[in-house]
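Starting off with a structure, shown below.
Note that the chains take the letters A, B, C and D in the order they are written out, and that residue 1 is the start of every chain.
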Amino acid sequence: MNFWNDPLKVAADWLMGIFTGWGMNAVAAQVLVAFLGVLMLITILMVLDIFLVWIERKVVARFQDRIGPNRVGPFGLIQPFADIIKLIIKEDTTPADADKVVYNIAPLLSMMSVLILWAVVPLAPVILGVDLNAGILFIIAAGSIGTLSIIMAGWSSNNKFSVIGAFRQVAVMVSFEIPMLATLLIPTIFSGSMGMNAIIQGQSIWYVLLSPLAALIFLIAAIAELGRAPFDLAEGESELVSGYNIEYSGMKFGMFYAGELLHAFTFGGFWSILFFGGYRFFGLELVSPFLAIAVILFKAMVGYWVIMWVKYTMMRIRIDQMLAFNWKFLTPVAFVLVMVTALMNALLRGAPGWLFVSGMILSNIIVAWAALEIVRSVSKKERERIEGPKRVVEAHH
Amino acid sequence: MNEWLYVGLFFIVGLIIPAGAITAGWLFGPKKPNPVKQSTYECGIEPVGEGWVQFKAQYYIFALVFLVFDVETVFLFPWAVRLGGLGLFAVLEGIVFILILIAGLVYTWRKGMLEWA
Amino acid sequence: MIPLSWYLILAAALFSIGLYGVLARRNAVAILLGVELMLNAVNINLVAFWRYGDITQMAGQVFAIVVFAVAAAEVAVGLALVISVYRRRNTVVAEELDLLKW
Amino acid sequence: MTGEQLLFLIVGAVTLLSGLMVVTSRNLIHAALWLVATLFGVAIVYTLLNAGFIAVVQVVVYIGAIAILFIFAVMLTRKEMRDQGAQANSNWWAGALVAAGTFAGLFFLLQGWSGFSKTAAAIPSGYDAIGQLGDALTSPAGYVLPFEVASVLLLAALVGAVYLAFNKK
């Protein structure tokens, strides 16, 4: 077993050898090695997070026909580091009326809820992170902690705008968690497991081909969960200034900001794991774990790019439209899709591969088409109810 | 060893590193508080009343619907895991379960409680 | 290894704390918080008996999940009642809700 | 004392202390946040019991939904949250006595039981708790009825709660 085939195990064995050589207890040494591994991964993520700021700014600039950061360093690559230094030397203000303890814990929890998501991300066939058998639900559990951190931030700031922003954001996050939970059931049904690695191993055919509608609903729910445009009403500048984080400054604000970017990237990663095969790419992942990591990071980056693409193309929608969209459209469609998928999965069991795939795609298309038809007829009626039949209006003229 | 130990390490390190970053900001930043700076920000106008406003009851309805659906989907995960090995009977059980769930949503919808009045 | 007794004592202590909350608090929302603690204590017991008994028998975990559903139902209805009462009587203090005494 | 026992003692102490804060803190939002800490402690206890699925569900349902609902409810009945009057009723000492008595009684009853200091058998390798749970919930010989009844219960709760909380214009 050499380093290029299983880097994590080789490094861990090497460190274990050193620590036990110092006369350390085997269990304690194992915990220490795991701690160092986690520390390394999270440090890499934080550095990656700094570059995400640069990527986001460059991409948005291109969308808006600008150049973006280009002064500090080649292609403006040093710009995010300058931003970090600026955030560090900013004054860290606390409003006099704030609930100090809760106010200070909230940004920590916000960042933590994003970082712990990486505990369950399998980076390569031999680098699995923690292969929890409840891995899928862990995403939602971490999201719950994020929701809580937003409520804590908004409430403890003792500011009207931040309270309203926090409660809007939480209403949106919890609402869109339901279609997300429902679409998470679909990879679970296909792979027969809730573990991330088992889901990747089950994707000899990418699940996006079996259930494109589920992939789409998951993406929409993820964007709402992230609180990014078109679902970023918590920070509607004209009405709420910047939402729940209005009273935060300096590095505490930086935690919310960096957390949001890393969260978007992470959800790009989950999108690719659940529906686009994760680290799998035509056997490339078996050649070397480093290639597998490159594949999953590339896919996560593509997912992140799609999320940015949506953000900088769509306009913000109102909260009532958004909640109506979720409860009256997305949630029913997601649950109908779960039922149809479960039924088709049972009916097509043992069928040849091509029949299974085409049956699944067909059922997805039918569900999507039926949903859109119902929406069209309902909205047509609604429009006629509000505007009155067109002919009557013309007759008056 | 318990796999949750590693998850616990993620929790701990995930708290330590942001705490370190915030501490660095606290160490290097200036500390010159004054009453105006520490007052609540309301677009430059003097704050009126206190910040803990009472808000719309509508939020509570959405949280309520969410709570019920959240619990029900959690029941569905063990069902979905075993779906591949079970017969049509188990599939129908799950479908009945989801239909009961949707009935609640339809009731709330029909009564006009999902409208943002 | 942790003996079963530790879990049972933890659950008993949590249950008693919750009971105190239910009996002593005036605010109806706080009383419901106490009920949550008691339900959690029950769940610790259920899962502990699953783990320390025959783990192929899933009764403990199944009923732990059912308790989650019961807790959710209890909270949903309980808090809705509190809000409804608050709207009519403008109070959430349980002692003042004594209309049915007569 | 093994590391596992030490971990249990720390987690148990934190859980009970935050439980005490839940029933004593003046500010109800703080009480709700202490409840979150208690629930998280209980989730860690579940992981010590090798019930990972239950632990995750605990976080999803309790912290992600029930705690949020509590905070919403406190915000809706805000007048009482800032209430500086007594948070405990005049009979709080009787409540404390009953609670202490319950604990003492439970402890006395349990310590006479033969299985009290039983230790757990090791989990066999390849044991899949979630799969077992799925089988138990769906097989007709298992717990189909609780599974479906839970759905009906939640439907009833949803209809009742939404009806109560809905503000008729």
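In this section, a contact is a pair of C-beta atoms (placed from the backbone, for glycine too) under 8 Å apart; a residue touches a chain by one contact, two chains touch by 3 or more.
On a predicted model such as this, the values are computed, not experimentally measured, just so you know.
Centrality by Cα centroid goes to chain B. Look at the CA centroids: the one farthest from the centroid of chain D belongs to A. Ranking A-B and B-C by contacting C-beta pairs places A-B first.
Between chain A and chain B the centroid-to-centroid distance comes to 14 Å (mean Cα coordinates, whole Å). We define each chain's centre as the mean of its Cα atoms; on that basis chain B and chain C are separated by 21 Å.
Each chain gets one centre point, the mean of its Cα atoms, and the points for chain A and chain C are 33 Å apart.
Once the centre of each chain is set as its mean CA position, chain B and chain D turn out to be 18 Å apart. In chain D, the residues that reach two or more other chains under the touch definition are 48, 50, 52-53, 55, 57, 60-61, 64-66, 68-69, 72-73, 75-76, 129-130, 133, 135, 137, 150, 154, 157-158, 161-163, 165, 167. Residue positions of chain A with contacts to 2 or more other chains are 27, 132, 137-138, 155, 163, 167, 170, 174, 177, 194. Residue numbers of chain B whose C-beta contacts span two or more other chains: 3-4, 7, 52, 55, 57, 59-60, 63-68, 70-72, 74-75, 77, 80-83, 94, 101. Pairwise chain contacts in this structure: A-B, A-D, B-C, B-D, C-D. Per the touch definition, chain B reaches chain A in the complex via residues 1, 3-7, 9-11, 13-15, 17-19, 21-22, 24-26, 28-33, 35, 37-43, 50-53, 55, 59, 62-63, 65-66, 69-70, 73-74, 76-77, 80-85, 87-88, 91, 94-95, 98-99, 101-102, 105, 109, 114-116.
Chain D contributes residues 3, 29-30, 33, 36, 52-53, 55-57, 59-60, 63-65, 67-68, 71-72, 75, 128-130 to its touches with chain A in the complex. Within the complex formed with chain B, the chain D residues making contact are 44, 47-48, 50, 52-53, 55, 57, 60-61, 64-66, 68-69, 72-73, 75-76, 78, 81-82, 130-131, 133-135, 137-140, 144, 147-148, 150-152, 154-155, 157-159, 161-163, 165-167, 169.
Note for the complex: chain D touches chain C at residues 2, 4-5, 8, 12, 15-16, 19-20, 22-23, 28, 31-32, 35, 38-39, 42, 45-46, 48-51, 53-54, 57-58, 61-62, 65-66, 69-70, 73-74, 76-77, 79-80, 83, 86-89, 91-92, 94-96, 98-100, 102-103, 106-107, 110-111, 115-121, 123, 127, 129, 132-133, 135-137, 142-143, 146, 150, 153-154, 156-158, 160-165, 167.
Listed in rising order, the residues of chain C touching chain B in the complex are 65, 68-69, 72-73, 75-76, 79-80, 83.
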